[in-house]
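Next up, some structures in structure tokens.
Shared chain: subunit A. Partners: subunit B in the first complex, subunit C in the second.
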Partner chain A sequence: MKEIVVISGKGGTGKTSLTASFAMLAQDDIIVADCDVDAADMHLLLKPDFAKTEDFYSGELAIIDQDECNSCNLCFEVCRFDAITVNGRQYSVDQVNCEGCAYCSRVCAVEAITMQPQIAGKVFTSSIKTGATMVHARLSIGAENSGKLVAKVKKEAKNLAKTQNKSFVLVDGSPGVGCPVVSSLSGADYVVFVTEPTVSGLHDLERVNDLVKRFKIKSGCIINKYDINEDVSKQIQIFLSKENITHIANLPYVENFTKAMTLGKTIIEYDKILSEILRNSWKNILKDCCE
Partner chain B sequence: MKILFTVKDNSWESQMDARFGRAEWFLVYDEANDTSDFIDNSDVNSQSHGAGPLAAQKVFELKPDVLITGNGPGGKAASVLNKMIIDIYTGAGEMTVKEAYNAFKNGKLAKE
Partner chain C sequence: MKIAIASGKGGTGKTTVATNLAKCLSETDNVVLADLDVEEPNSALFLKAELVKEEIKYKMIPHWNESKCESSGICQKVCNYNAIMLLGSQVLVFKELCHSCYACVELCPNNALVMKPERIGVLRYYHSEGLDFVEGRIDIGVEQTVPLIEKTKKFVDTHFKNTEIKLYDSPPGTSCPVIEATKDTDLVILVTEPTPFGLHDLTLSVETMRALGKRFCVVVNRWGLGNEDVLDYCKRENIEIIAKIDNNRRAAELYSKGDLLYDKLPDFKKEILNIKEYIFDRI
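And then the complex of A and B:
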């Protein structure tokens, strides 16, 4: 079983649309993992059924026991996040502002403040429209994606791939180069970069490639909308060959790309020409990954 | 020589854990005394962020001579590990612990 992670560095390059298309092409021989949890939208294209739901805990929140609190005001004084609300002699914690640092809990002389695990969102195991299984998540309001959540989604997906005897885990990674991206790369076998020919597209590709190199993971790249700036496209191709990254495909800018999305469809279901390029891309990815 | 492995379970029969920071367990094998210590890494695993540097700090305290893992530590974890004298070997993510040990002994693992 191989784990293929799709990342972009820059947001908005078409990463999720392409990942969903690959999920369509792979049909039932994969487990899909949506690790782009901050802006999870692959479910719009793959129509999961949310069959299994599980709470996800991350970080802690301070809770003040009103019976124990002696209104000494110390928690209010030490809190750096303005998370203690005072109403007369009644002290409470603003759950959105609380960062879970536990400073208040530590200084409380009467031990009225305890730290409790916080529900940060939900993790789902679903069946999608191809019949394959997808693991995905939804964050609570104000919660953020984390390396921990990505690790959990990936672990669940890998376990399912083993028990269902699937050849691949296809991961929609998150943008950027931060903790969730590091977590989505850890343990991966192959990386697909999706970039676009803009200055920031190339810049962010360079940054995220540094991470991938650190993990020594083999990689390939799709240049989406390559024809909107052929000069930068050329620069990207030079970068790819210099860095030993397989150039998987150039995708032209086609309005059907967006039209398919607005209809909740993957490109495979909507545009013949793009489908053909993507079919070849997927073939090349599998070949490159298993070599 | 003290060797630290990132492992999925607390047994020599276990699979290696390809992850460094969020590995399930650390195994510290002391060749001189033939002793194996399994260290639960769930405290690091339960952190939302910064698992890599925290795990590296743990390694710092355990003072192994060699670290054997899958993909290798990320950037921040590596900068912590660079402060200590340790040889890092990667590419053991898909092996069992025993296989990883043998591969290391036979010089088959990539050194960072």
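And then the complex of A and C:
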């Protein structure tokens, strides 16, 4: 079983539309994992049935029992996150600022502070329109630990790939280079970068590639909307060959890309020319990944 | 007035709105723009400002002093993030998991742990014709971005106390980095696009801003693409749309080169002026 992760550095390059298209092409031989848990959108194209829902607990928040509190001020003194609010003799916890370190609860002499586990999100296991299984999630509003939720989604997807005997896990990652991205890269066999020929697309690709190199994962790249700026497209291709990243394909800027999304369809179900490019791309990815 | 420019979905035009708005406002007013999208900071690519100052930023991490340690195991017990482990008589610190709460250091009965600064990224301060610009840039491999966002905001607060308009280009998403970037602002401008992805992620941002009790409004970018669902949603939810920027291949081409748009596209400038007017009505 191989794990393929699609990331982009910059947001809005078409990563999710392409991942969903690959999910269509792979038909039933994959498990799909939407690890862009901050702003998960793949379900809008793949129409999962939300068959199984599970709460995901992660992190804690401090709560002060007003009846027990003797206003000794110790909690306020030890908190590094400005999360203890003092109003006269009344002490309370600012839920936005509290990072759940529990230091206050450990030093409270009258045990007035308890730590409450937080539901950080929900994890869904679904059947999608190809019949394949998809694991996806929704982060609770304002929750922390999106990296841990990503790890949970991936673990679930990998377990299912083993029990259902599937060849691939296909992961839609998140933008950026921080903890959710690190989480989605750990244990991956192949990375597909989706970029666009803009100064920011290239800048962000360079940064996320630096991260991927640390994991020593083989990678390939799709340049979406390559004809928006052919000069930058060329710069990207030079960068790819210098960094030993397989250039998988160039996709033209066409409005059908968005039109398909507006209808809740993948590109494969909507545009013949793009579909043909993507069919070849998927073949190249599988070949490159399994070499 | 502190104003965050944010979005749930990435690539909707946050940086385009932030940089063009900052530049346009700076023609008449004192403005500072802070790029808080520290994972992928892009504003500098469009502003082409002169670098004035660069500071390395750190977060505090516990370091183990073997000679003082008596293997009480208290550090491991009090760490709520599993960032410290006692393995035999060795103490291991996993710095990416550490939130710098100081519990391990201050509760160790033998003072065997001490906090030391650990590099997490750089802060850059630029200046260009009336516009001050600050950028946070996380080092590759550093997973927690909140401490650098916090430090970048702090730099703005201390150095630009009297600057009337402070703009924050926020990271995408709805989790902790966005909360950090928006939590003490007076207004959040949510940039979206009229597509199912744009709308879905806008609803998540709206829920987040409501949970934080923030005042917010919406800018629709690439209007003409997709459908009108985002307008219906905003109407239903009583959310003000303060600008609608037309979808335009020319804008995409200028953006791709790193050019600002407001001085080249009159229609675009009109929308930026709408945002400006909205802001001034609220000062």
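Here, the second predicted complex is superposed on the first by the 252 of 291 C-alpha atoms of A that agree within 3 Å, B and C clash if a C-alpha of one lies under 4 Å from a C-alpha of the other, contacts with A are read in each partner's own complex, and residues count from 1 in each chain.
The working rule: a contact is a pair of C-beta atoms (placed from the backbone, for glycine too) under 8 Å apart; a residue touches a chain by one contact, two chains touch by 3 or more.
Just so we're clear, the structure is a prediction, and the values are computed from it rather than from any experiment.
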Side-by-side fit of subunit B and subunit C on subunit A, or clash: clash
Contacts of A:G147 with subunit B and subunit C, given as first, second, both or neither: both
Touched partner set for A:C69, first subunit B, second subunit C, both or neither: neither
Touched partner set for A:L211, first subunit B, second subunit C, both or neither: both
First (subunit B), second (subunit C), both or neither touched by A:I119: neither
Subunit B versus subunit C as contact partner of A:A102, first or second or both or neither: second
Partner chain in contact with A:I277 - subunit B first, subunit C second, else both or neither: neither
Chain touching more of subunit A, residue-wise (subunit B, subunit C): C
Touching partner for A:V254 - first (subunit B), second (subunit C), both, neither: neither
Which superposed partner A:G176 touches (first subunit B, second subunit C, both, neither): second
Selected from 38-46, 92-100, 218-226 or 272-280: the stretch of subunit C that, after superposition, runs into subunit B: 92-100
Subunit B/subunit C common contact set on subunit A: 146-147, 179, 182, 210-211, 214
Residues of subunit C touching subunit A in the complex: 8-12, 15, 39-40, 42, 45-46, 78, 80-81, 96, 99-103, 106-107, 138, 140-145, 171-177, 179, 183, 195-197, 200-201, 204, 207-208, 211-212, 225-227, 249, 252-253, 255-258
Contact footprint of subunit C on subunit A as seen in their complex: 9-13, 16, 38-39, 41, 44, 60, 78, 80-81, 96, 99-103, 106-107, 115, 139, 141-144, 146-147, 174-182, 196-201, 203-204, 207-208, 210-211, 214, 225, 228-229, 232, 253, 255, 258, 261-262, 264
Subunit A residues within the subunit B interface of the complex: 58-59, 120, 146-149, 151, 179, 182-183, 185-188, 210-211, 214-217
Residue ranges of subunit B in contact with subunit A within the complex: 17-22, 45-52, 70-72, 74-75, 78, 90-91, 93, 110
